[in-house]
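Next up: some structures, all given as structure tokens.
In what comes next, subunit A is part of two complexes: it sits with subunit B in the first one and with subunit C in the second one.
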Partner chain A sequence: MPARIIGRLLLSFVLLWASSVLIFGGIEVLPGDFATTYLGQSATPQAIANIRLELGLDRPVVTRYLGWLAGIAQGDFGRSWASGQPIAEQLGHRLGNSLLLAAAAAVIAVPLAVGLGIVAVIFRDRLIDRLINILSLAAVSLPEFFIAYLLILVLVVQHPVAAFPATIYGGMSLFEKLHTIALPVATLVLVCIAHMMRMTRAALLNVLSTPYMETATLKGLSRLRAIFVHATPNALAPIINVVALNLAYLVVGVVVVEVVFVYPGMGQYMVDAVTVRDLPVVQACGLVFAAIYIALNMIADVLSILVNPRLRHPR
Partner chain B sequence: MADTDHDRPLLSVRGLRLGVRAHASGEPPRDVEIVHGVSFDLRKGRVLGLIGESGAGKSTIGLAALAHARGAMRITGGEVLLDGENILALDNAGKRGIRGARVCYVAQSAAAAFNPAFRLGDQVIEATLRHGLATRAEARVRAVGLFRMLGLPAPETFGRRFPHEVSGGQLQRAMTAMALCPRPELIVFDEPTTALDVTTQIGVLAAIKSAIARTGTAAIYISHDLAVVAQIADDIMVLRNGETVEYGPARQIVERPVAAYTRDLVRQHEIRHDEVPDQSGRFFEMTGIFASYGSVPVLSDVSLHLSKGQTLAVVGESGSGKSTLARVATGLLPPRQGTVRLDGADLPPRLNGRSKAHLRRIQMIYQIPDTAMNPRQTVEDIIGRPLTFYHGLRGAQKRARVADLLEQIDLGPAFLDRYPAELSGGQKQRVAIARALAAEPDLLICDEPTSALDPLVAAGILRLFLRLQQERQLSYMFITHDLAIVQAIADSVAVMHRGRLVRFGPRSSALRPPFDAYTDTLLASVPQMRVGWLDAAIARQAAGVASPD
Partner chain C sequence: MQHKTISGPATSRRTFLGAAIGAGFVLGSSGLWSPAAAQDTPKRGGVLRLGLDGGQTTDVLDPGTYSGSVLFTAAFCWGDRLVTTDPATGEALPSLAESWTTSADAKVWTFRLRKDVRFHDGSAFTVADAVQTLKRHSDANSKSAALGLLSDIERIEDQGGDLVITLSNASADLPLLLTDYHLQIQKNGGLDDPADVTGTGPYKLESYEPGVRIAFSRNEHDWNPDRGYVDSVEILVMNDSTARIAALSSGKVHFINSLDPKTMGLLSRAPNVQTISTKGKGFYSFLMHGDTAPFDNNDLRMALKLAVDRQEMLDKILGGYGTLGNDYPVNEAYALAPTGIEQRVYDPDQAAFYYKKSGHSGPIVLRTSEAAFTGAVDAAVLFQASAKRAGITLEIRREPDDGYWSNVWNVAPFCASYWGGRPTQDLRYTTTQLSSGPWNDTRFKNADFDRMLFEARAETDEDKRRALYHDMAVLVRDTSGLILPVFNNYLNASSTKLKGWVDDIGNDLSNGQVACRVWFDT
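Let's turn to the complex of A and B:
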């Protein structure tokens, strides 16, 4: 089993390296040019050449890639072309904000989704099960910006109880921050809960139809004990995987929500950088997103290995 | 019969009816009855055998003794009296109080019936603890004692293992220990040895039988194999389509059956094929075969041969290399060493090296016909495919030939437009045979073609194989773990054990002593249709023959 986990870790690094190549290469082949956009009307060939020289764009691609990679290995993501500031500083700040938003949403959504999934299984095909299914499906069917505006309409405009915009600052206390981000968190919870809830329900129902669950029934165990003690451990692997996917979504997939709520997270940072063709920032954001995605999936895989008794105790 | 201290039976089933709620579209739901009013009595310490083919309602009746109905099944009538109390009328808490405490259940596949996430010991004592029948320490001691009684290895530490860490035979014993641990009044054994190899089965049967005798628990023993039930049961009930066919003492059912159906069940072991002496030389021949999956050696130095129009039975337990031998013969697995010859010419070792003529001459028939047929093709498409592929038949010509083949397998042209899902297990296997015949092969490789079928259906398929062989001079390489089948059809026998050929020759000499140790164990393990066979076999083993499993 340690070999399996080490193998999975190595694979993650290979994946991360491959995504760095894709990100760098992809941006390299993009049409358009920072210098042209930056200079606008005053883009004379000489001025463009100067800027390219200044930014080091005259060097060969491979040299620039290796330089970029070497910098990142030491925590240096380069400087923003637009502001001239080191990216790492700004990135760390934005990433912290994104992780706060994601963590707040995950702390609510994951237990709620798994809990609702279990409740749906206990009351399978009864009113509660149907209600949970319909509501969660409705939530996932609505686009996230629609849910966001709906929440703003009801909880800010009509009954002003929540804060808007959800812009947080360095000087705020944690409680103030949490109050400020309540609406985007609620939006994200509503968007990602259905997927996890339905997977929990499906994974548990799958386990409930196995012969060993009949064994539990025929031992005279109560339905709750059967579900919690006998079924849940065997349903963990698929649940862990779908939770990891949704956590990844919460960190890297929330651009729209950030824009709607004017939240200073990674998503908005990247979108702003794209509009001014600030490519080092785009690259840095892309790589951080890839790293988070790969790391979460790797953790999910390792946990799946750890909860599988066949892999924990090989013959 | 001085085995009761009072007259009331421990378990009394009165007019038990079970049904499935069917939801046909556009109609109100209605109950389709599966079990039509079955009654029996079981006294303390006695064993009742329930026997019948699949769909007879055996398991359904067995589970009713725990007031449980599987899936969409529901108990629609009758009473199940446990010590005089109708357990069907109890509320859920009352039923839970009986399950796992007074009545326990041993499932057919222990491998599936144990929770893979927990250690065996914890699962074995769980019901005892939950029902408050013993403290954890007492239950542990009980479990170790039961492991020892059931002949499990290292009984003190056996409970620390996970289900996937022990063999199928050991799991079945552990399941029996789990049922015995709460010291129940009644245990329902639902085909506990059906999934096991014959050499493993005998050990588990003996363990169950002695456990029943030593603990004095009553038992319902469910099986489709009358020879097995006859070893364990005091009384036997023969079931068919949810109705009682015959019910009486075991000896009477086996030795003097009254109902025609029971007589068929007893007689199914009596298909006889007179061995034909080897005459036409070596029609099919495998010489010095070594084969492996990756670096895992599976076959080493296997050499055997088969004459035209004869049957070679390849026997051995699971994992002995029987099916691998078939894969080598068909070219699916090229051997690392050795040659395969057909009709005097070497066959290319690899499948894609073989010509269409080579392929046509060797056809396969599989254990599970469901997975060997495309469920979206009609019988005509399934059988017609080799006709087009090998013989270029199309249209009306093909249809006529398929109809002709269906006649030969006793099905008839009415089946042309059916889909596999509309056929019974036996009919599906017949269609698979017709598909193989359509190629006009010389050699049929049959991989356990009857082991997934009910005994009487299987007997019909075996008779079909024999008739086709006479009509067409077919050669069969017949893979089986069932020595009764060997007696029924084989001219020569190859016994495989751990990838080696331990015995090969004409049936008459291969199955006659002196035996090598393995063949001896194998032959001694086959249940015989007579009361007392198991006791004799156990005595024989105790007298010095090495124990299997």
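Let's turn to the complex of A and C:
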């Protein structure tokens, strides 16, 4: 089993390297050039050449790629072309904000989704099961910005109970921050809960239809004990996978929610950089997103191995 | 894009203020109106929160780089210029410079500076700071957005405690040029650190997170007692319009900008909210390149100018929040604006006549995008429909918003665009109509026009200047490639608790000074 886990880890690094090549290469072939965008119509060939020289764009692609990679290996993402500030600092702030939002949403959404999934199985095909299904599917069917606007309308404009905008900044205590981000957290919970709940329900039902669960019932175990002790551990692997996917979404896919709630996260940072062709920032964001995605999937894989007795005790 | 910044003055008369004055007359005659002065004594205190569109994570505090509403507003919180403008007339007024004189040929300008002003850190403001600030922005290698304004400056000197500026070409407008919002005076001109905003303004910078939030606290030692009424100012960057409106209507912020004309009516019905519509120098336009076929034919240009239904565009695109344009880029918000030029109206028959005369046939491609101005795609479709009634076929091509200003504007021969204002008519024309202008986006090349422009710039006699500007406007109206259907108003909204707003013909956001001028009526 350790070999399997080490194998997964190595594979993750290969994947990360491959995505760094894709990100760098993809941005390299993008149309639109920072120098011309930056200079606008006053772009003379000389001015463009000066800027390209200043930014080192005259060097060959491979040299620039290796330099970039070497910098990142040492935690140096370079400087933003547009503001001239080091990227690592800004990125650190933004990533911290994104992780805070994702963590707060996950802490609520994951137990809630898994719990609701189990409840739905216990009350399968009864009113509670249907209600849980209908409500969660309704929430996931609405676009996230629409849920966000609905929450704002009800909880900010009509009944002013929630904080708005969800702008957090340095100098706020953790409690203040959590109070401020309540609405975006609620939006994200509503958006991602259905997927995880449905997967929990499906995986559990799948296990419940196996012969050994029939045996468990026949030997007189209570339904709850059968579900919690015998069925759930065997249904964990697919649940872990879908939870990992949703966690990744919570970090990398929430730019719309960030904009609506005026939340200073990574998504907004990357979009701002794209509009001005601030490529070092775009690259850094892309790589961080890729790393988060790969890391979460790797953790999910490792956990799946750990919770699977057949993989844990290979014959 | 530097020119797409907020550098445009705006005319005045907020609608609700106008209504209030009207009501005042009526009530006053019946003896119920209490003296306005008593009500209008500003009160101090409170935390002012502004939710503003137009800020990005790439923004930096160096005033030479400012563009967008957020930093435009912040600039007036921490800084002062040498010269400011009268909100109603646009005339130059003393600020850090208390008076000035010019030589007869308008080439040498002497500014006497205030002696009683201190920077936020307690050090005294001196003529050296002013000299260094102007030198930093006007240096040939400067990346300042104000560099273009200052290109005629030959020397900047400290002569016996006075600031003396010598120009290579005469300009009667120099004091107005120094009102540009990039030219906030910094300690030692910002040479030590351009992003150090230790200035002389009514508020001191407390914290800055680019694209997120800027916080200021009141400068207790402000040299000017008639401003800076609140204890602290928070500018929150809110680029989503629905978020801005929700924040204002729930009382989380006290002021928002960049309202869509479509939401003005709805918002004005909300309790505790007042909408503010301010006449401006900015305009929406369609640009034809006068040197590119088929637009090199003035009959075709005239046909297209006559084929726009301006009133319809004002009503449908701007919801009435604007004024009609007359195909020259100047309106009465500019000093010495021309008067008595006949308003061009929609005339399909005349348009058809000129179209036939031009000999052109086949569809004409018009490029547009929401990036050009809010509603530009709809405006192009309206143009297409009104032109069709004159027998002219327009083919609308929608371009991506991203990259519009580098790939379409000033590149394609016929496209939608907008401009903010400029401090003076001279700058307006120099930027876009002068043959050698940096952004001559209609490729207007007319030697007579250029000659009149330079003549007017050096002319110190007001009547002669006015006559020259009149003739220039007519020339642009009748021969250039500029189709200018409407001037747009600036649309803002505020909490009803907020008083003291001043309509400033200088620019949007009370010429950037909203945070300095408003106060809470508690």
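One rule holds for everything that comes next: the second predicted complex is superposed on the first by the 315 of 315 C-alpha atoms of A that agree within 3 Å, B and C clash if a C-alpha of one lies under 4 Å from a C-alpha of the other, contacts with A are read in each partner's own complex, and residues count from 1 in each chain.
We take it that contacts are C-beta pairs under 8 Å (C-beta built on N, C-alpha and C of every residue); 3 or more make two chains touch, one makes a residue touch a chain.
Predicted model, so just to flag it, every value in this text is computed and none were measured.
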{"item": "Combined model on subunit A where subunit B meets subunit C, clash or fit", "value": "fit"}
{"item": "More subunit A residues in contact - subunit B or subunit C", "value": "C"}
{"item": "Which superposed partner A:T210 touches (first subunit B, second subunit C, both, neither)", "value": "first"}
{"item": "Subunit B versus subunit C as contact partner of A:T167, first or second or both or neither", "value": "second"}
{"item": "Which superposed partner A:V185 touches (first subunit B, second subunit C, both, neither)", "value": "neither"}
{"item": "Computed vertex angle (subunit A) for partners subunit B and subunit C, CA, steps of 10°", "value": "150"}
{"item": "Subunit B versus subunit C as contact partner of A:V276, first or second or both or neither", "value": "second"}
{"item": "Contacts of A:Y149 with subunit B and subunit C, given as first, second, both or neither", "value": "second"}
{"item": "Minimum C-alpha spacing, chains overlaid - subunit B and subunit C, in Å", "value": "49"}
{"item": "Subunit B and subunit C footprints on subunit A, overlapping residues", "value": "none"}
{"item": "Sites on subunit A touched by subunit B in the complex", "value": "210-212, 214-222, 225, 230, 233-234, 309-310, 313, 315"}
{"item": "Interface residues, subunit B side, partner subunit A - complex", "value": "63, 66, 68, 70, 95-101, 104-105, 107, 109, 112-118, 126-127, 130-131, 162, 164-165"}
{"item": "Partner subunit A, residues of subunit C touching it in the complex", "value": "1-3, 51, 56-60, 207, 209-213, 236-240, 242-243, 246-247, 249-253, 402-403, 405-406, 410, 438-439"}
{"item": "Interface residues, subunit A side, partner subunit C - complex", "value": "32, 36-37, 40-42, 80, 82-85, 90, 93, 149, 152-153, 156-157, 160, 163-165, 167, 169-171, 259-262, 264, 268-269, 272-276, 278"}
